[in-house]
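One structure, pasted below without further comment.
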Amino acid sequence: MSITDWFRAREDKRYTPVNGAGPKADVPEGVWTTCDSCKRIIYEGELAASMRVCPYCGHHFPVPAHERIAQLVDEGSLEEFGAGITSSDPLEFVAAKSYVQSVSSAKEKSGLEEAVVTGRATIGGHPVIVAVMDFSFVGASMGSAVGEKITRAFEIAVSERRGIVFAIASGGARMQEGMLSLMQMAKTAAAAKRYRAEGLPYIAVLTNPTTGGVTASFATLADIIFAEPGALVGFAGPRLVEQATRQKLPKDFQSAEFLLDHGLVDDVVARGGLRERVSLVLDYLMRPGGAA
Amino acid sequence: MSITDWFRAREDKRYTPVNGAGPKADVPEGVWTTCDSCKRIIYEGELAASMRVCPYCGHHFPVPAHERIAQLVDEGSLEEFGAGITSSDPLEFVAAKSYVQSVSSAKEKSGLEEAVVTGRATIGGHPVIVAVMDFSFVGASMGSAVGEKITRAFEIAVSERRGIVFAIASGGARMQEGMLSLMQMAKTAAAAKRYRAEGLPYIAVLTNPTTGGVTASFATLADIIFAEPGALVGFAGPRLVEQATRQKLPKDFQSAEFLLDHGLVDDVVARGGLRERVSLVLDYLMRPGGAA
Amino acid sequence: MEFERPLFELEDKLDQLKRMDVAVNPEIAAEVEDLEQQLEQLRKETYEQIGPWERVQISRHPERPKTQDYVATLFTDVVELHGDRLFGDDEAILAALATMLGRRVVVLGHRKGKTTKENVARNFGSPHPEGYRKAMRAMRLAERFGLPVVAFLDTAGAYPGIEAEQRGQAWAIAESLSLLADLPVPVVVVGIGEGGSGGALAIGFGDRLIMLENAYYSVISPEMCAMILHKEASRAAEAAGCLRLTAADLIDFGIADEIVGEPLEGAHVDPEPVIAAVGERIRAALDALGEVDPQTLTQKRYERLRAIGVFEEGAG
Amino acid sequence: MEFERPLFELEDKLDQLKRMDVAVNPEIAAEVEDLEQQLEQLRKETYEQIGPWERVQISRHPERPKTQDYVATLFTDVVELHGDRLFGDDEAILAALATMLGRRVVVLGHRKGKTTKENVARNFGSPHPEGYRKAMRAMRLAERFGLPVVAFLDTAGAYPGIEAEQRGQAWAIAESLSLLADLPVPVVVVGIGEGGSGGALAIGFGDRLIMLENAYYSVISPEMCAMILHKEASRAAEAAGCLRLTAADLIDFGIADEIVGEPLEGAHVDPEPVIAAVGERIRAALDALGEVDPQTLTQKRYERLRAIGVFEEGAG
């Protein structure tokens, strides 16, 4: 379960606003960001304008769900559904922090009810269902609520004959819901399979990071898989692989570019060209009247 | 085209009866055979009784087509078809030896009209179509006649709802019929595909050697693929690979056991157990009333 | 196993006493009797109160019956299928045609070894992508020829290796889930030991899930869960409790259908009746599912999966 | 190319003469005129009488238009698809969604490089199993979404490498043939250069086969055929003749449907009109095939293949 790595990674440095004691102590919190990759300092407004891609080195920062949707769908076309679906605590999972606490702080932090936002929209005029995952919400892990929203997305797409475009990020299955989480892999895969039988297209965009049970279920069952530059995508996360094998990992192991080399994704597409590329693919795969 | 290798290999030593000037000069020709593998001398009658498997080391010798059929099908069940189909010379192919000469000397040597014998039979009581290839006939290469016989085998099996059991050997496509031979790959693959859609089983037994265009068409489209021990199976033959890559070949490269390791065949089955294994598989895959 | 240590210590003591000469030390007889009573009591306490973590340990017992034991005992005419026809043959997963009291099926199963050599060849039962792809090939055969599928689960999980990642194990697992989801033949799954995450799930759901009493099925191993929660794998017992991974938990969640009981100490102390009972349950499941037409079967399988999950839904 | 050498020598001579000063050597003018006539005559003789072996050489000309030239010129909105989702991405085969004058199709093609670096990355256009498997993935997309397939052939053949064999190139080619055989969308194939054996055939048959005048399609390379026949690759010219591998031969055998003409010297001297003519033929073929319903299409494709072959049949 690669979720380990992501929990750890979150501790160190991902998308850290510059603050406190450092040499740039004067900069007000949240207004400036240091690039994880080139370490330069970027003004928040500039980052928002560049789709959260570092203007210096092209590093792709995480994108909050609604910002991602705005980047992807035709303006104003989103009609959200399932927004009231949120996690319960079926295992009464209590550890260092209770699951209930984790979820409620995620809600507060992200302004979302769950790790995925789903809705009807159009892209390049094509009617689609979109689902966008937000890593800031419990590592965009998949529990019952995420599984349900993804499943409904496929089901609604079938009944309304819409394409599917998912922007995926995830730390994996949501540990705190135990087997209920694991079974969401089978449930979403089953829904994807039913959707597939309808001859409608499914485009997945894998963003940084996509790991664990989400990679091993609906995320990789798409007709066309794109990945964002530098995105880490895999099943077991890199730290776990390193620990288990005691081998040095290959350069860029599990990066989008590595996956491309290994035949696992259709292409690596920079965020700036994503909407256009997705729209173009929909032109090919969504013909009036559906499947041949 | 691995046929190169086989033409060459035929020159040196495959299944050589001991004769002439050697130290065993007293042995009458054809009555004794030296094992290619362990080099021991085997009495012809003993070899026939052991299904042409060396009683000392288990080496599998080539088997003439009708002897193979007798080993494989229920006794007396063969009803041959397509026996009148034989090669023409559409390219008027003349080189060191003309194609017409090659075919006519093959006919004389083997007592066959073509490199494959096809017929209706039963195996373990199951109605099947069998095709058995004989390497002594122009290297069991596939020209128009072989392609036609194999295609008819699939077609008759469809119309009579029979299983398919092929014992395959081949040096590849038959060069002397040029593109007509190459197209037999597509033709037999198309026939195999139509057969497949009927929910009837196809079992292929790959014997020494199976290479080139036959391996890359109908031979490997079977539901279940068995290979005889030590059989060489591949697309490009080992000498060609060695020449092209200038690399040392891995141990047992392209042997049946190598293929098993590389996930390409279901099992390696010794000749003595072949009929039973094939019959057992037919028990599983041929249910009264056909496909579910 | 760790939790059995006090029991074993008492057994040792009793053994020593018994080896003494009663004629020389007549008071021993009484002491033996006393100890035997204590032992009986402790045995009861040990096994009757075993928790999730103890069950996980039992599920991993090296002598616990393995896929190959079930196959050898319950099935005849086994024809093993090898290879994915793409890259390799993964010995960590078994795929075979097999017959159970006249019922012809495709058998799948994770295959742990019993010896170190076997375990190395089989990667301790943790599949590579080739294993799932071999299983898929067998599933497609099952589909084409109308054979039910019986799958035995016993894996710590998918292998977190470089090559397994390079060759797309997530893709392979996802494809396998997708294939199983609407495979138009009965699929009976038996949790016989470990049910570790995606590596188990890839062949681990269907129309019926039978769990052995001490088999577990979990989204994550207790050790790794403990690492995440407490930064120490040693708190695995605690994590095992949190994860609700026992057969009984799975029944509660509507994921498993039935439990096959084991001897107090675990199936390894007396495997035959356990294996026989599993066979009986498989037979009954196949009989019941055999009556259902393929379309209803896959529809019900979908509904079954569709219903799994606990969440809240307010006004969106 | 070898057979053009006398021509090039004459051209050189003429060039030298022309560079001389006519005022100084007035007799040059007549000599130039004479040589020009000779050259014209030789050019005609050289190219009008070129045989199969010369065509093979033209088909291999490094500057001959390649798959990527056809795609870049004839198609817009190209979305390249990468990878087989199993093992790797083979650059020797292109797979893409592309649009040709409003017609949306899946394009496949062998991809030779123009530079050494490109050729190394693309293995000189000789695919590995991953290439065929990528092509199959694209074909399945074509099937699912009703897109016609256009395939450009230009390969010396499958790669005779250790890894290609290990990963089952014969299996991959066979599967690809099987998939193409009844793919329920129009399949238009264009032989633009080399058509080497199984590596070409894997994406090399369908409902229409258009051959460039100097493209070849053969069961075996002339060099290898010569090796087998005469133990010397140098007799390739002879073998090329025996093999009947030219576009015209393919028409005679009922394998190819039409030939697109080239400039005398080959398509490389003036690629644009050749590429445009190919585009025109593809367009016409797609228009005609687009009228046919999928079932009739695949039935006709089968009958087309079924009819290929010349043999005798006596009383069996």
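Read from first to last, the chains carry the letters A, B, C and D; within each, the first residue is number 1.
Just so it is clear, a contact is a pair of C-beta atoms (placed from the backbone, for glycine too) under 8 Å apart; a residue touches a chain by one contact, two chains touch by 3 or more.
Values in this document were obtained by computation on a predicted structure and should not be read as measured data.
**Student:** Which neighbours do chain B and chain C have in common?
**Tutor:** Intersection of chain B and chain C contact lists gives D.
**Student:** Farthest chain from chain A, going by the mean of C-alpha atoms per chain?
**Tutor:** It is B.
**Student:** So using the touch definition from the top, which pair is joined by more C-beta contacts, B-D or A-D?
**Tutor:** B-D
**Student:** Between chain A and chain B, what's the gap in Å when you average each chain's C-alpha atoms?
**Tutor:** 52
**Student:** So the centre of each chain is just the mean of its C-alpha atoms; given that, what is the distance between chain A and chain C in Å?
**Tutor:** Computed value for the inter-centroid distance: 32 Å.
**Student:** Please report how many Å separate the Cα centroid of chain A from that of chain D, as a whole number.
**Tutor:** That pair's centroid distance is 43 Å.
**Student:** In chain B, what residues contact two or more other chains?
**Tutor:** Only 220, 262-264 qualify.
**Student:** Which residues belonging to chain D are in contact with no fewer than two other chains?
**Tutor:** Chain D, residues with two or more chain partners: 85-87, 167-168, 171.
**Student:** What is the complete set of touching chain pairs?
**Tutor:** A-C, A-D, B-C, B-D, C-D
**Student:** Which stretch or stretches of chain B touch chain C in the complex?
**Tutor:** So the residues of chain B touching chain C come out as 199, 201, 220, 223-224, 260-267, 277, 280-281, 283-285, 287, 291-292.
**Student:** Which residues of chain C touch chain B in their complex?
**Tutor:** The touching residues are 77, 79-90, 97, 104, 130, 134, 141, 144-147, 184-185, 294.
**Student:** Touching residues of chain D toward chain C in the complex: what are they?
**Tutor:** Residues 85-87, 129, 133, 167-168, 171 of chain D touch chain C in their complex.
**Student:** State the interface residues of chain C toward chain A in the complex, per the touch definition above.
**Tutor:** Those residues of chain C that touch chain A are 157-162, 164-171, 173-175, 177-178, 180-182, 197-198, 201-202, 205, 217-221, 224-225, 227-230, 238-239, 242-245, 249-250, 253, 255, 301-302, 305-306, 308-316.
**Student:** Which residues of chain A touch chain C once you look at their complex with the stated criterion?
**Tutor:** Chain A reaches chain C through residues 1, 3-4, 7, 80-88, 90-91, 93-96, 143-145, 147-148, 151, 173-175, 177-187, 189-194, 196-197, 212-213, 215-221, 234-236, 240-241, 243-245, 247, 249-250, 253-254, 262-264.
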